[in-house]
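The letters A, B and C name the chains in turn, as written, and every chain counts its residues from 1.
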Amino acid sequence: MSTDPWIWLSAILTLAIFSFLYKENPVYRFAEHLFTGMAVGYMVAYYWQRIIPDYIIRNIFLAHNWVMLIPLAIGLLYLFRFVPKLSWLMLIPIAILLGVGQGMSLPPTIEADVIKQIQGTMLHPGMLNDIFDPYQGLLVSLLVLVGVICTITYFFFSREHKGPLRISAQIGIWFVMVGFGASFGYTVMARVSLLIARIQFLLTDWIHLIR
Amino acid sequence: MKIIEKMGRLDRRLVYLLLTVAVIIPLVMSLDVRTHVDRSTLGLFQAIERIEPNNKAVMISFDYSPDMSAELDPMGLAVLRHCFARNVRVIVMSMYIQGAALAERAVAQAASEFHKRPGVDYVMMGYRPGGAVIIMNIGENIRKAFPADYYGTPFDSLPMMKNIRNYQDIPVVLTLASSGVVGTWVIYAGTRYKANVASGVTAVMAPDYYPFLQTGQLLGQLSGMKGAAEYEQLLVDKGYYDKKGLASRSMNAISSAHILIIVLILIGNIAYFAVKDRKPKREGT
Amino acid sequence: MKRTIPLALVLILGIVFMIQYFIPSRASQQFFDQTLQWEIVIGIPAIAIAVDSLVRHHILKIRQRKKDWPYSLVYLGSALGMALVGIIGGIRQGSLFMKLFTYAMAPMQATVFALLAYYMASAAYRSFRARRAEATVLLLSAFVLMLGLIPLGASLWKGLPVIGEWLMLVPNMASKRAIMFGVGIGMAATNLKIMLGIERNWLGGGG
């Protein structure tokens, strides 16, 4: 067994959280509030030690970059949230960040999520070089094309799924089911991995059952 | 039949116990196994293999918090070891405030193993607020994104950063992510600045980014703990490191847990259909 | 005015930066670069709001002696303690702050998510039923993948990991791509709605 008090602290808090598996209890509630509180304190300390010195003290005051006092003043409008009559002023920095963010994101989002994806789905003569390649050949690319179009038609709810639309939506749902099955399989691995890491810690660092 | 019905109604605490035992036994047995390496993992590995040593730098962004560290810490460590073994410089950063501490822990461990020096072989930039804004700042001028490193050393005092201006000087940008931030890197760094982006993601998110892999918007992807285990195996096979890490040691436990869950689902289905067949059908159905 | 100014700012700035993306001139790039610097500084004071939101709820709970109010004392005490330890002692590797993060905060956070493994196993056992053909396809592809991911699956049959990888690269990729189209177009539509002032939830009660 470990003699390091920090490892013991870690193990006790880990078991306190695991106690929730039996039922909710005061030990779990204590641990839950402890780490959520610590997360807030972490954020405050980090901003105090790094963000404010780097971006405000060093970049503005030490560098005599007085133009940057303007965005600082705009950012300080957030604090008017604590003044009920003037709380609407906090919408100004929000509006600026939102407007700039929306404008900057729209063109590259369409390029990355739509245009590039359309390009990736298109068939091209190069695929004739290896028709049977299981990853990039012509047959597989046709399968992908059919899959993408049929899945899109499955999610098209503005028209009733009748006739040809019904057939393509039905094909689409098979692809969706395979996709969701894949997601489920990976989710199982993800959740189990998180558990394995905690058990590894308890058995290796705390009890020394695993060398 | 009664046994089958009972099997379909196991107490949840028994299921918890079975899962715990299924995980503990393989961990204690510690058998070494080989993992099939996916093309997506090879993509990242080969991209880092192509980088000239002691020249440009790889950027690794630890964009996750401690809840997902089980899957992503081993990835970060494996890639750092690969870079340091090949004398490839590394810029470490995070867009998650808690990721900064996780990044520092990983880089401190890897750097001590390979005797690498801060400022010369790697820089630790820490957390920077702003998300997409930071990604775009790096694309314009990295100096403006990082006025100083995590330890307060001004940017211009970091010897490694002398010739690094933006993504053109960073051959691979790897984001280790537990959220949709991969999309943010692809959209802003990859699309706007033509950076070469790769990802290491939790297994939950892995299936969602295959469209980016197919179009080449992602160079490669490490998917969950298996992705980390694959990378660790590649490091050992190529002689960059002498032993497999945490992820590889966990694969046996993942195996037994998967088998258990498959068996439980099958039992649940058998019990369901056995009971369903025995119940008398209502009139009119 | 209280709503007009913010709405006007969103519209004007949104249009300006959408157009800026397509203008590669030096002046345009300098303007963009300067805006990025401003964006970082504008966002920094928002932490005060974040901390206030998180802390005020618990202070109120203690004042009003609501149910479970002692836990709020734990919350506030740990927040204050962690903040002071970091501010006074620093946040470098080896400091008390980093030790508390590494040995207390991070393990607890990781363990909360480790609980999900148990809930996932229990939920899969209780509710994953192959009632219809589509559910059976889902189940079969999940099984093939789960076996393909593990070394044991590869020992049973070498083809399993290859088939699993193929399922990911082809049919899964096709369905996820279709979903990505929908999400991408949906995000673009939402962006436009916000810029044009059709979507106003972000205005909240402040104005």
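In this section, contacts are C-beta pairs under 8 Å (C-beta built on N, C-alpha and C of every residue); 3 or more make two chains touch, one makes a residue touch a chain.
Only a predicted model underlies this, so the values are computations on that prediction, with no experimental measurement involved.
Asks: Which of the two pairs, A-B or A-C, is linked by more C-beta contacts?
Replies: Ranking A-B and A-C by C-beta contacts puts A-C first.
Asks: Name the chain whose C-alpha centroid is farthest from the C-alpha centroid of chain C.
Replies: B
Asks: If you average the CA atoms of chain B and of chain C, how far apart do the two points sit, in angstrom?
Replies: Once rounded, the distance between the two centres reads 16 Å.
Asks: Measuring centre to centre with CA averages, how many angstrom lie between chain A and chain B?
Replies: Spacing between the chain centres: roughly 13 Å.
Asks: Distance between chain A and chain C based on Cα centroids, please, to the nearest Å.
Replies: Using C-alpha averages as centres, the distance is 4 Å.
Asks: Among the residues of chain A, which are close enough to touch at least two other chains?
Replies: 21, 39, 42-43, 46, 50-51, 55, 59, 104-105, 108-109, 112-113, 117, 120, 135, 179, 182-183, 186-189, 192, 194-195, 197-198 - these are the residues of chain A that touch more than one other chain.
Asks: Find every residue in chain B that makes contact with two or more other chains and list them.
Replies: Counting only residues that touch two or more other chains, chain B contributes 16, 19, 39, 67-70, 98, 101, 128-129, 136, 192, 206-208, 211, 214, 226, 254, 257-258, 261.
Asks: Touching at least two other chains at once: which residues of chain C meet that condition?
Replies: Touching at least two other chains: 21, 37, 39-40, 43-44, 91, 101-102, 105, 107, 109-110, 112-114, 117-118, 124, 139, 143, 146, 149, 168-169, 172-173, 176-177, 180.
Asks: Considering only the defined contacts, which chain B positions touch chain C in the complex?
Replies: 10, 12, 15-16, 19, 33-36, 38-39, 65-70, 98, 101-102, 104-105, 108, 128-130, 133-134, 136-137, 140-141, 144, 151, 192, 206-211, 213-214, 226, 251-252, 254-255, 257-262, 264-265, 267-269, 272
Asks: For chain C, which residues are in contact with chain A within the complex?
Replies: Contact set of chain C toward chain A: 2-3, 5-7, 9-18, 20-22, 35, 37-52, 54-55, 68, 71-72, 74-87, 90-91, 97, 99-105, 107-118, 120, 124, 134-135, 137-146, 149, 164, 166-185, 187-188, 191-192, 194-195, 202-203, 206-207.
Asks: Going by the contact rule at the top, pick out the chain A residues touching chain C in the complex.
Replies: Residues of chain A touching chain C: 6-7, 9-10, 13-14, 16-18, 20-21, 29-52, 55-56, 59-60, 68, 70-72, 74-76, 78-79, 81-82, 87-88, 90-100, 102-110, 112-114, 117, 120-121, 134-135, 140, 143-144, 146-149, 151-152, 154-155, 172-189, 191-192, 194-195, 197-198, 201.
Asks: Taking the complex as given, what residues does chain A use to touch chain B?
Replies: 21-22, 39, 42-43, 46, 50-51, 53-55, 58-59, 101, 104-105, 108-109, 111-113, 116-117, 119-120, 135, 179, 182-183, 186-190, 192-200, 203, 209-210
Asks: Report the residues of chain B in contact with chain A in the complex, numbered from low to high.
Replies: Residues in contact with chain A: 13, 16, 19-20, 23-24, 27-28, 30, 39, 67-71, 97-98, 100-101, 126-129, 132, 136, 147-148, 150, 152, 154, 183, 186-188, 190-192, 202-204, 206-208, 211, 214-215, 217, 223-226, 246, 249-250, 253-254, 257-258, 261.
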